[in-house]
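Please find the structures below.
The two complexes that follow have subunit A in common; it is paired with subunit B in the first and with subunit C in the second.
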Partner chain A sequence: MYGNLDALVLALSQLTQPISLALLIGGIVVGLVIGILPGLGPPIAIALALPFTFYLEPVPSMILLLGIYSAAIYGGSISAIAVGIPGTGAAIATVQDGHKMFKSGRGGEALGFSLTGSIIGGLVSALCLALVSPMLAELAIKFGPREYLAISVFGLLVVVRVAGQSLPKGLLAGALGIFLTTWGLDELNGTERYTFGSYHMYEGLPLVPFLVGLFAMSEVLIGAERALQKIDFSKESLSVKLPGLKTLGKMKDVILRSSLIGTIIGIIPGEGAAVGAFFAYSEAKRRSKHPEKFGTGIPEGIVAPETANNATVGGALVPTLTLGVPGSPAAAVLLGALLIQGLSPGPKLFTERPDLMYSIFIGLFVINILMVFIGLVAIRFAARLIMVPTSVIVPTVMLLCFVGIYSVSNSFFNVGVLLAAGILGYVIRKLGYSIAPLSIGFVLGPILENSLRQSLTIADGSVTEFFNTPIGLVIYAMLILTILWRPLMEWFKRAKTN
Partner chain B sequence: MLSQRLANIVFVIVVLVACVWFGVIAEGFETSGLLASSGLPSKFFPQLTLGLTGACAIIVGLLYALRGSAGGDSGEMVFEEGAQARRSLLMLVVAIAAYFIWKNFGFIPMAVILGPLSLLAMGVRSIPIYLTVLALTAAVYLVFTRLLGVTLS
Partner chain C sequence: MKNLKTLAIAMMAALGLVAETALAEYPDKPITLVVSFAAGGNADIVARLNAEALSKELGVPVNVMNKPGGAHIPATMSVLDKPADGYTLFNWSPPSFMIVPLTRDVPYKPLEDFTPLFAGISASNALYVSADSPYKTFEEFIEGAKSKKLTIGVNNLGAPPNLSAVQLASEFGLEFKTLALKTVPKTMAGLLGGQVDVAVGQVASIHKYGDKVRPLIILDNNRQDFFESDLPGVRTVGEAVPGKQAAVWVHGGLAVKAGTPQPIVDKLLEASKVLGTPEFRAKVPKSVSYNWIHGTEAVTKNIQFGIDLYSPILDGLGLLKK
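Now for the complex of A and B:
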């Protein structure tokens, strides 16, 4: 389908252009910096870089964002190990063993394990992305409205299930996100819906300002709360000691398993890097001969979550690129970048822009390889970054959000949307809601509405016709299995012990 | 300092009122001409999502009213201390003020004021931090205007 040599050559020529190489390296550096700074995770890192992609061609812009995405996830582990404060949610599982190793004088080793695990996880998931996504795209090309409806329902409900501890709260946030996409002109018949007499609202709430507001602006407001907190850290510089092949050989099972867990969890819509890391950590502990040593500062406790969280990057790109359904909040922002470029993610993208697909696959490999060298250098400067006060980060990020969003369209309306989304994100986060279902709902809303209305038209109003599709049935069955899996396993466990 | 229970119940009431209001507005969505009879009416999907949002809000409200929590936040506070609340709410005011200053007086006054006002809102007193933030503001301005060629009016 997309396997023509011309596209591959074109991708390579675009990737080797000086601008692409500079952005690739720049993306990794920016991602590492933002990942190290506590509180600013991958979605915020990508959101802040989004406006810059407006001035770039699709390939360099995707390379920049992928570099930021991968490096930000890895960067979070550095502050997790050094100060016990995870730079990102994905690094929370790393704190337990990483910081213990650091405190016992084995910080260099701990940083080496996290870097190596991250690189291997990233490479494995990039390979899976390159192998799985073309096959899935080939299948997805046959999808009609009913299948897209099933995929969207699946994506949304899975996000709701994993986001936060309360299902009704997750559903409320998801439904709110979908509702907000109904603002603007009705795509099917041109009816004005919630435009409030403003021509700005004809196209609805703009995606990029909404997502940047939701992630970055809300984080700014939350960051202001802990602006005066002091970090107990006095090191001038950090060093890293990479593990030898013999040591890695002993952990090959943990590495391979965590890579696959991360990739698979990344593919499931909504299950982000943090879930992957925790799952891999608990799996490594469960299968270990010495599970009691986990949490006391052992290499496996770092390698498992770090391998898995970086493996979610490639996994999350599979549904994003092939179906247009984001695999994680960060992938939702990445999807926004494709829309900025005038590209609609989905199976057709593989036939329309095979060079872009090749560039993404190859780019992700190169990013992970370069991250070894850049990561080794970055760790030396990480001590200084960790010491950057939150009070400096908060106003700078706010200004970046303002200017970045304004620069995309020279529109104060978009800045207003950014601000409103930031306030909404802040309020719901403070009230214990997760912003993941809201953001995914906002991305999936138009797909859901269009596929639902088209499906009903095709089925002549009959709801049972929704299920008269083999692919749709498989997706619904997977959804039911996903929802019932945990209760069923617990039930089996209880039955076994009784 | 403001319990999760009380804050969530207030939020649920606001959501329910908003759902009713938006639902009533949706009743007025009318399609004219040939497209009027094609497919589902435009109000269907907004009202469907509003119904779902409202139903979830009622469940969340009931959970807080009857059990005191939804998702293990029993007895938790929205803000750990008063100073935290003051800092974030003042920051919110600064963000809104910055937007209106930019809109009415231009970018440079906003950019110059935003950093120091934010630091004041957060209670920062260190002069080097003020200088660092102003330097970063200048850097952001230069990157966008000189490097990317954006006109910041």
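Now for the complex of A and C:
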């Protein structure tokens, strides 16, 4: 494929060295813990391990970092399900159904679904990476400003439609999220916007403290209100169950579709695991025979986002390895690790180091399989969290948020943002708005703004040039279809019966 | 009386000795190296390699802390908020020491508030087209750009690649549509994806993209020794069209807060000598150029050269702070 049998043998011999295996397991454990903790996400997890790779060969370094990356994305779902607080941005979409299922006494089952989905998503995307990454790289470079604009508009509207109860409220929350991203320095011409005269605001509202505040702090505040309520649970809910083949067979469409959505979103530089998870969730809901059940605690609502977010890992590696353009913030740190090793990720890497490429492909497979066992141990503990009273969980989570945010940035300003975002999230939820559209607006806002302004530069005043983007037009068409699908189907049904 | 005098001298000597040992003990705790870029980019990687090598020399950990965003100001200020004791190092770069202070009000003056130690990471810009572009030579490109408004890719508005493009446009009387694609790799990818007709990358970018791109010209008349190893046979603007100007100033290195005791500065200067050795250079990735300048005075002079170079170009763009 990319080299010869020698390269494959070399890759296998490097992977089976004791140090590689030890790093594999160590990486997964570290990633899992960091993923579970709110505020610490995959990019931070990888950056923390980066100094260790100075002393390692390229193959063990990549294995360590990939283990951390995969496990951190999966780990976020454990806190999302067991505490109702996403450990990472990737798990935001998992909270709705995951935590509802947990509270209704099906915690062990919910955790099993997220583990299984994550593993399958990771495996499918690793397969895509191994088999068709040069082709996928072609897709990645086709994404210019106009294509980004189309996918951002698509993402925003799709998420707004699925996340809230009412469309106007969802749109308002999404718009608020976008508005808040305009704070800080204008990225293109440096104009100061809403900086309130403080250079701390030049960076704008920092993403991680804002999202952790919005989800974790607001959940903590709401949880504090019901501190005295007792959750009834049965002993059986504590035992972790992985879904059987029959259950998975019923969900095979959701799983396959979510894997592909995650892989593709991962490939597009700048769109990370959170967006992939939301897309998959909304697609699963749209295609479902019972879309109204989404959000009430059903397995599909966990499997779709969890499969997709782990599928973004393999996807994000495609542009990282083949173009030298990171597919996600975590992949950017991974790229740095390769550069430190004296390698130049880009179109030449495949021919220069086929053994490294094989090691990454095979390594990703092994990581996902080992994650089943390590994940099972972790969720056995997580399932028991339901026995811990809210009065213990609330202050613990609060403390973890503060420590997490402060330790990552060493900045009290960011802790202030965490608190302010928490209060904002609390007020918004109390007013009956959903915070998911707000968060997706906040994630996509900068991409939306930049791509719109760059598209206008390219178009140079011409409307036809603005829409002269085949990929973009396909995305816009899909968006229109997504919105009109149900009304159209109903119209057809009525026409038939008449 | 004589005894008292001796005692006083002895006491002063003792105090002096105490002060001496306090300094001699530096460093006795971990050092933080603040990097104003996100983890993973060229600047971050070289900073991490610097940290590792310095840590070996100084015998204490040197921890890299990334503080990206906010026009590099929060990172810069976080160093100035700490005492001038040599335990907080700053990874200075063109934006923090040059472009940002030249274009907006900042709460610091780079050459007054910092003592630079050395410059290592460097870059020179080059003009690239994709391998299947109709423009085979720089001359053909100039012809093409005169007949049609081409789209040029740069990383950020006001950053050195953009300033190179502006200089090229003004020297040859060209007009471009400028697309800021955020990073140099994304700019080069924009070339492969067809979003831009021509891109300003770095001389060393060729190592990532090989035969997928074609270098047209080096946008720096000050020929460096790495030009020939990165882009053999490629001319500079002045070599292609004598009399036309092209200049780049991209340097970066480490600095401490001004007012750091001289013995500590000296110790850091001594320890950082290792970063100019061929052994260290061999560790720096191929896609990063390295141009070693050591010592506060030499680096300050170099930074002043950059300020004098970029002020008129930024003024022409209407960006220079008045």
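Note that in this section the second predicted complex is superposed on the first by the 273 of 498 C-alpha atoms of A that agree within 3 Å, B and C clash if a C-alpha of one lies under 4 Å from a C-alpha of the other, contacts with A are read in each partner's own complex, and residues count from 1 in each chain.
By our rule, a residue touches a chain if its C-beta (ideal position, glycine included) is under 8 Å from a C-beta of that chain, and two chains touch if they have at least 3 such contacts.
All values derive from a computational prediction rather than experimental measurement.
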item: First (subunit B), second (subunit C), both or neither touched by A:L188; value: both
item: Subunit B versus subunit C as contact partner of A:I178, first or second or both or neither; value: first
item: Partner chain(s) touched by A:N410 [first = subunit B, second = subunit C, both, neither]; value: both
item: First (subunit B), second (subunit C), both or neither touched by A:L5; value: neither
item: First (subunit B), second (subunit C), both or neither touched by A:A495; value: neither
item: First, second, both or neither for A:L245, with subunit B first and subunit C second; value: neither
item: Which superposed partner A:T457 touches (first subunit B, second subunit C, both, neither); value: both
item: First (subunit B), second (subunit C), both or neither touched by A:L335; value: second
item: Footprint overlap on subunit A, where subunit B in one structure and subunit C in the other make contact; value: 188-190, 410, 454, 457
item: Residues of subunit C that touch subunit A when the two form their complex; value: 38-42, 44-45, 48-49, 52, 64-71, 73-74, 77-78, 103-104, 106-107, 149, 151, 156-158, 177-183, 185-186, 188-190, 192-195, 207-210, 212, 283, 285-288, 319
item: Contact set on subunit A toward subunit C in their complex; value: 43, 46-47, 50-51, 54, 140-145, 184-185, 187-190, 199-204, 206, 269, 319, 323-326, 329, 332-337, 339-340, 342-348, 409-411, 450, 454, 457-458, 460
item: Contact set on subunit A toward subunit B in their complex; value: 52, 55, 164-166, 168-169, 171-172, 175-176, 178-179, 182, 186, 188-194, 217, 220-222, 224-228, 389, 391-392, 394-396, 398-400, 402-403, 406-407, 410, 412, 415-416, 419, 422-423, 426-427, 430-432, 445, 449, 452-454, 456-457
item: Of all residues in subunit B, those that touch subunit A in their complex; value: 4, 7-8, 11, 15, 22, 25-26, 29-31, 35-36, 38-40, 42-46, 49-50, 52-53, 56-57, 59-60, 63, 70-73, 76, 78-79, 84-85, 87-88, 90-92, 95-96, 98-99, 102-103, 110-111, 114-115, 118-119, 121-124, 129, 132-133, 136-137, 140-141, 144, 148, 150-152
